[in-house]
Each structure stands twice: as C-alpha cells, then as structure tokens.
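Okay, got some structures for you below.
Paired with chain B in one complex and with chain C in the other, chain A is shared by the two complexes that follow.
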Partner chain A sequence: MNWVKTKLVLEGMEPGERLEVLLDDGEAIQGVPRSVRAEGHRVLQVTPLEGGFRLLVERAASEHE
Partner chain B sequence: MEQVYFDHAATTPPRPEVIEAMLPYLRERWGNPSSLHATGVRAAEGIERAREHIAALLGAQPDEIVLTGSGTEADNHALIGVSQALRDKGDHIITSAVEHHAILHTAAFLEECGLRVTYLPVDGAGMVDPPDVRDAITDKTVLVSIMHANNEVGTIQPIAEIGAICREREVLFHTDAVQTVGHVPINLREIHVDLLSLSAHKLYGPKGVGALYIREGACVRSYMHGGGQEQGRRAGTENVAGIVGLGEAARLAREEMAWEMSHNAGLCSLLIRGVRQHVPEVTETGHPCQRLPNNASFCVAGVEGESILLNLDLEGFAVSSGSACTSGGLEPSHVLLAMGIPPEIARGSLRVSVGRDNTFEQVDRFLDVFPRVVERLRSMSPIVRAASQ
Partner chain C sequence: MQAERTKEKTAPKRAEDLKAGGFIPQRQKGKITVRCKAPGGRVTSERLERIAAVARKYGQGIVHLSVRMSPEILYVNLEDLDAVVAELAEVGQEIASCGKRFRVTTGCGGCEYNPNGWTDTQRLAQAATERFFGQDTPHKFKTCFTGCAIDCMRAREMDLGFQGMVEPALLAENCTGCTLCVKACQDDALRMGDDELPVRDLDNCISCGDCVKVCAFDAMVPARIGHAVYVGGKHGKHPHVAYPVAQFVPDELVFDVMRVTIAWYREHGKKGERIGDTIDRVGIESYRRALRNVVGDELLLTDADLKKPRWRSIFYRGLAAAFPAYGDVEEGEQGNGTRA
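Right after this comes the complex of A and B.
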C-alpha cells in the first residue's frame, strides 16, 4: 500500500517535482525505493529517522507504464 | 410498451462509464490487491483511486474511507464496532423509529447482547426533533445513529443539528446516508458526523459494494476479522471491480449533482402536482420541504399499495410500496406507523423515486395511467364499496 499511495501522488505531480515519503522500517523501505526506480523516477536521498526512513523522490520526465 | 423505472430508491442502473471503468479490473487487473507483485499493485491502484473519489464526494480524507460489501455491512460495522470499542464507557445507543432495517435489526441484535437502545419518535413528517436526542443522551450513551434521509418517505433529518449536539455531549454520531450520498451535497468538513454509511448501487454504481466513513480518531472496532485489508479495519479480499465502479460513480455524482438535483426535483414537482389534481383522497407523506429531490411518496385511500404496484407494473411502471427490503411482507410500513399514519391508510402506501434517465414525458404518461389504476382498484375494493353504501 505504501508504493500504491506513493505512485498515485507521483502521477499527479509535474516532471522534476520532488516528493518526500516517510516510511516505516522493514518491508516498506525495502520495496518502495525499488518500485520508484522501476517506474523511472529518481530516488535522490534516503535518510534514516527514528523508527523509519525519509525518502526524497524526483518525478520522472516521462510516464513508464 | 416502454418500461419506465421509477424505483431509484431501491436501486439504480449502473452508468455506462461505471461499467467501462470496472471492466479492466475483471479482464486484466484481476490481481489480489494485497499482493506485493506488479499484478497485485495494479489492482490496489484501482482501489486507492476509487477511495480518493469517494472521499472527495464527502469532503473526507481517503484514509477515513473503509470499503465494505454493502451499506448494510457499513451500518452493522458502525453500530457493533462502536459498541464493542466503547463498552467500558457505556452500553446505550440512541436511534430513531424510522431507520432502515439494517439499523433497526442490528440495534435489536445489540439489545439481545445486553445493550440498551432508545428508539426516538418522529413527528407526522417523519422528522426527529434534535432536543429529543439531547434529552435521551446519558453518561452511558456511546452512539447516536440517525439516518440522513428516509428511504420510504424521503424526509431529510437535521443531522447537522444532531451532530452538533453529539459533539457537545462527546457522543459518537453515525448517519446512514445510503439514500443521500451522491444525490444531495454532503461536506463532512462542515457538519459533525463521526461515521457515515453509503452504498454503491444507490448512486448508479454496482451492487455488492459500500463504504463506511470513520472520522480520524473515532473509536471503532473491526467488524470483519481476518486479513489486514483496509488497514486492518475490514478483512476480506476486496471486490476490486466493484470498488472501482463505486469510485467512478462517486466521481460522476460530484460533477453532476447540481444538474441531477434540479432534474429530479422538476420531475417530482410535476408528478406531485399531477397526483394532487387528478387523484382524490391521496395523502402525501414525508416532509414537504426537507425531502429527497427524487422522492414522491403517498398513501392512497381505499386500496392496497401492493395492488397499485402490481397494476402499475402491468402498465409498464416500476414503483414501490413501502420499502424494497420489506416488500415481501403484508404489514404496513414501520416508518408510516411511526409517523402516526393509521394502519388502514398506511397499507395504501406508494413510493415513486425518479432518476437521471427519467423524462417529463414519462411523468406525463404516469399521470395518465395512475388515476385510472386507482379508480379501477377502488371500484373493486370491498372497503370502498361498503363505505359508499
């Protein structure tokens, strides 16, 4: 569900815009960055937080279906 | 002969756009939305987009929408979930005497489980008086549940006022909005409602899908137990295509509500005027002003509502007598009896509920047929004949 919600928000953004995603440790941080890259977007930064991570993502210039 | 559907309060035909939106989720995107692989994710996306549309229609946040299998399930979830969550606080629920059976029978079940339920009376128009809600609340009350609009007589309840009372007294407020969602504006940012039930097939969506709005922070236990779907709030693999259909229906309803309200109100106004002019001894039921724009309800003296319904069906008109859920029984409607209408009058009840595809020509044809049907039935009625001798 983390990736699904992230994907829907990215779809509504302009290319080049950036999104900050807060993720729990575990399955979310393992799966979401991989899915972001697979969709063609850029993972700019992964910052550890207490109990989780902050992911900074840049919306791709073109849609990857 | 054209078949005219005038029973939109019972169910509505799925719109073509809704069906088109659903098909990919039956043909290609059939994955389990709980799966982590791409097949599952494609299905989950459909659910989350639908959730956003439903939330937008209500003025809610997407995370406040729990998808269910029906409006009835949403009603059960609200009453049972709250009573379970707050059983340390109290054991008292308040509702009204005119609720749908999904509320009344759930309340009766909770009484069997040891809870106390207050059934508030209504006036002759089917309206709950907000001071009655205030007077009924005790320190053991955990929930007030009052429907937004009555499915039989169309009366719209003062839920903003009731919600304010519940907020003031710190009691959760649920409303069964199955008849109103998608048909009249609802903005949950402006009125205090903690839980709200809706049903897809009442707003041109498919059957088998509903939703329960739960305000963030409201204390509710799960009703369906099992897997962690719906963020642990409602277990069960989701009816993805149905949910997508509900989402599309919600999106369309939000876009077209103003037009639809005006269209339906115009049809009902013409119909009610015509009945007043051409059919004697007919009582209009429900509130004259605070009512659903697509609902016209009557009691016809001297005849059984089911007889009218069957004869109108033979003439090509689908209408309802009482509510669809109770049409198998011969007892007068509990709603009409609660409004103080005598049983012998209540038995002649008729509900006409128009929709977006109905036309003024269809209403004209109904007004041509209906008086003749009533006259014919009255001529055969032993009650009417005895009264005239």
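Right after this comes the complex of A and C.
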C-alpha cells in the first residue's frame, strides 16, 4: 500500500516537483525506494528517523507527454 | 483397417515402459495420465490451448498441474496415446517422463521477470532440460533453478538444486550513509562503521541481496552473482535435505556441474537409490572430489564454511536431532473431545 499511495501522489505532481515520503521500518523500506526508482523518479535523499525513514523524491518527466 | 493398425501399435505396454514415456496408468482400468513437458513451468498460449483441446477430445476436459510444473492430461484411453502424442507434437508440445532418469527441470520466474530474482532460472531450466532430459540415472533425478534466497523452488529438496546468490559490494563514493541497507538486512550482516559507511559481516551474510535492492543511490551493488549448489535432497517417504556443496557457481559452469554429478551418480549409485542416499552410503568426499574438478577450491564449500552462521541458517540437516521432545498435554488444556 505504501508504494501504491506514493505512486498515485507522484503521478499527480509536475515533473521536477519534490515529494517527502515518510516510511516505517519494516516491509515499506524494502519496496518503496526501489519502486520509486523503477518508475523513473529520483531519490534525492534518504534520512533515518526514529522507527523509520524519510525519502525525498523528485518526480520524473512523464513518458507520455 | 485404421482401427486394427492402431491397436497393433498400442498393444498392451508394460507400466514401466509407459511411465518412461510420461504416460502414467491411472487407477481406472485402461486410463492413462499424459504428462506434458514444461521446463521451468513455462508454456506458450498455443501449447496450452492445444493441451486443453486434447484433454477435451481424448480425456474428460481436465488437466492437472503437477508438483513439478507439468500439465497432465487426465483420463486418456490407452489406445489413444499415439493420437494424443501426435496432436500435441503438432504444436511442439512434448511429453515429459517418469522413472529412473533426468526429469524436466523446474524453475521460478528468476531475473527474467521476477524483481527479486538474481539468476536467469527460466533460461537455465529450458537449457538444462534440452541438454540432459531423459538421460538414464540409477533413480529419478530432479533438478531446479531457484532465483534467490527465498527459494520458491525448494532447491534443498532437489537431487541437484541451484540457487541464485549475490555478493554485494559498496561503492563508497555513492553512499550517503542513509542506513537503509543496514535496516533492510534481516541477518545482522550489516552495521554502520566509524566512517558512516556500512560494513558487512561475511559470516552472517546469506547473499540474499536485500541490501542491493533497497539502496537508492547505487552504492550497494552486485559484485558477483552465481548459484549455490545443493545435492542429495528429496522428499517422499524418507525425506533428505540436500547438502550445500558449492557457492557462486557462474552460469558457465552450471552444465559441467550437472554433467559431473550425473556421471558420479551413475558410477556410484545403486539402481533404485537416490543420489542423497548414495552420498550417505559412500561418503560425500567422493562426490566433493568430483565436483572440485569442475568448480575448483574457491567455490567448493568446506567444513569451515558450513560452520558459519550463514550456512547453518540455510542448511538444516540434522535439525531433527535437536527437536525438543513433545511433552504431555497438561490437565485442563485438552479440548472437550467434540469434533467439528
């Protein structure tokens, strides 16, 4: 669900816009950074937090535009 | 005329001959299950459609997907076997086999289409089957390619199993010290060092590659990808978990490993004896010597390797001896005896 939500938000953003994603430790951290990159977006920064991580993502240019 | 000739060609065959050809006598008199060959469990739409059509025409329109990924056409009449084979052959659908020989190789998605896979299990399952299928061995010989540490294909239950493994390396210049990899590791094999770079514990690392998958900066990368090799596993009435015998075997050596294992098995195995039992009877050193000729000392697993947590955690032979004894159920904990 973490990736699904993240993906939907990213899709609604403009290329170049940035998104902050907060993830809990556990399954989320395995899937989301990878899926973000596979989708073509850039991970600018990953910061450890108490019990989780903060991702700073830059939305990629749309393929279909 | 046609009916008579057909009867001649399919005169009563010995069950053993039938089974060698992938035709399994069913409980019902005169009915045969036809086992179709699908290395890696991969079937084209065309062949699947033909299998369905043949099942409808000659069987009862029922197909069973066997545990080794073969579509099996049920309830075929003995006298229709030649026709079934011919109609399947029209789309290149071959018959698998039973009996004392190299079986169709199974395989997971692997790196072809599974995001977790490290090795190309589909390609290798096809190629291995093409190369070795049907070769006679003292007893059945089951092989698989599984693409990662998750081991969906149960490599440790195979007579000869191959499991994808990756050796990660750190490109320090790309590392931001974010600790995602440390958090992702479930085996206590990564910690942050004094220089805020991750440090690997080689004794604990099980080469699963979770750290590589999670890295967002291309800092944790695959330095080496290969196969762990397991020999001597089987399920059945007397299960035997396989012995891990080699690590990081590259794709190029896989067929040599298969070839030398089959040759060793033929030389040392008794008829009706699985290779795991052969190894237990003659000793694993004989097999390891043969394998060493192919993979060399660098890839051959030693006793010292097996004592490391990484191999202990994925090699559970002998665990039964350590199972705790089941105690008596205490008073008051028993159910009231009624069945659902």
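Here is the rule we go by: the second predicted complex is superposed on the first by the 62 of 65 C-alpha atoms of A that agree within 3 Å, B and C clash if a C-alpha of one lies under 4 Å from a C-alpha of the other, contacts with A are read in each partner's own complex, and residues count from 1 in each chain.
The working rule: a residue touches a chain if its C-beta (ideal position, glycine included) is under 8 Å from a C-beta of that chain, and two chains touch if they have at least 3 such contacts.
The shown structure was predicted, so the numbers you read here are calculated from the model rather than taken from an experiment.
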TODO: Check chain A with both chain B and chain C modelled on it and let me know: fit or clash.
DONE: fit
Task: In the superposition, chain B vs chain C on chain A residues touched - done: C
Open item on the list: Quick one: is A:Arg37 in contact with chain B, with chain C, with both, or with neither? Answer first, second, both or neither.
Closed with: second
Open item on the list: So in the superposed three-chain picture, is A:Asp25 touching just chain B, just chain C, both, or none of them (first/second/both/neither)?
Closed with: second
Open item on the list: If we overlay the two complexes on their shared chain A, which of chain B and chain C does A:Pro48 touch? Say first, second, both or neither.
Closed with: second
Open item on the list: Just to be sure I read the superposition right, which of the two partners does A:Lys5 touch: chain B = first, chain C = second, or both, or neither?
Closed with: first
Open item on the list: Nearest approach of chain B to chain C by C-alpha atoms in the superposition, in Å, rounded to an integer.
Closed with: 8
TODO: Within their complex, state which residues of chain A touch chain B.
DONE: 1, 3-5, 7-8, 27, 31, 35
Task: Residue ranges of chain B touching chain A (in the complex, touch as defined) - done: 36, 41, 44-45, 48-49, 52, 231
- [ ] Quick one: which bits of chain C touch chain A in the complex? Just the residue numbers, please.
- [x] 115, 176, 178-180, 183-184, 210, 213-217
Open item on the list: Can you tell me which positions in chain A touch chain C when the two form their complex?
Closed with: 25, 29-30, 33-34, 36-38, 43, 45-48, 53, 55
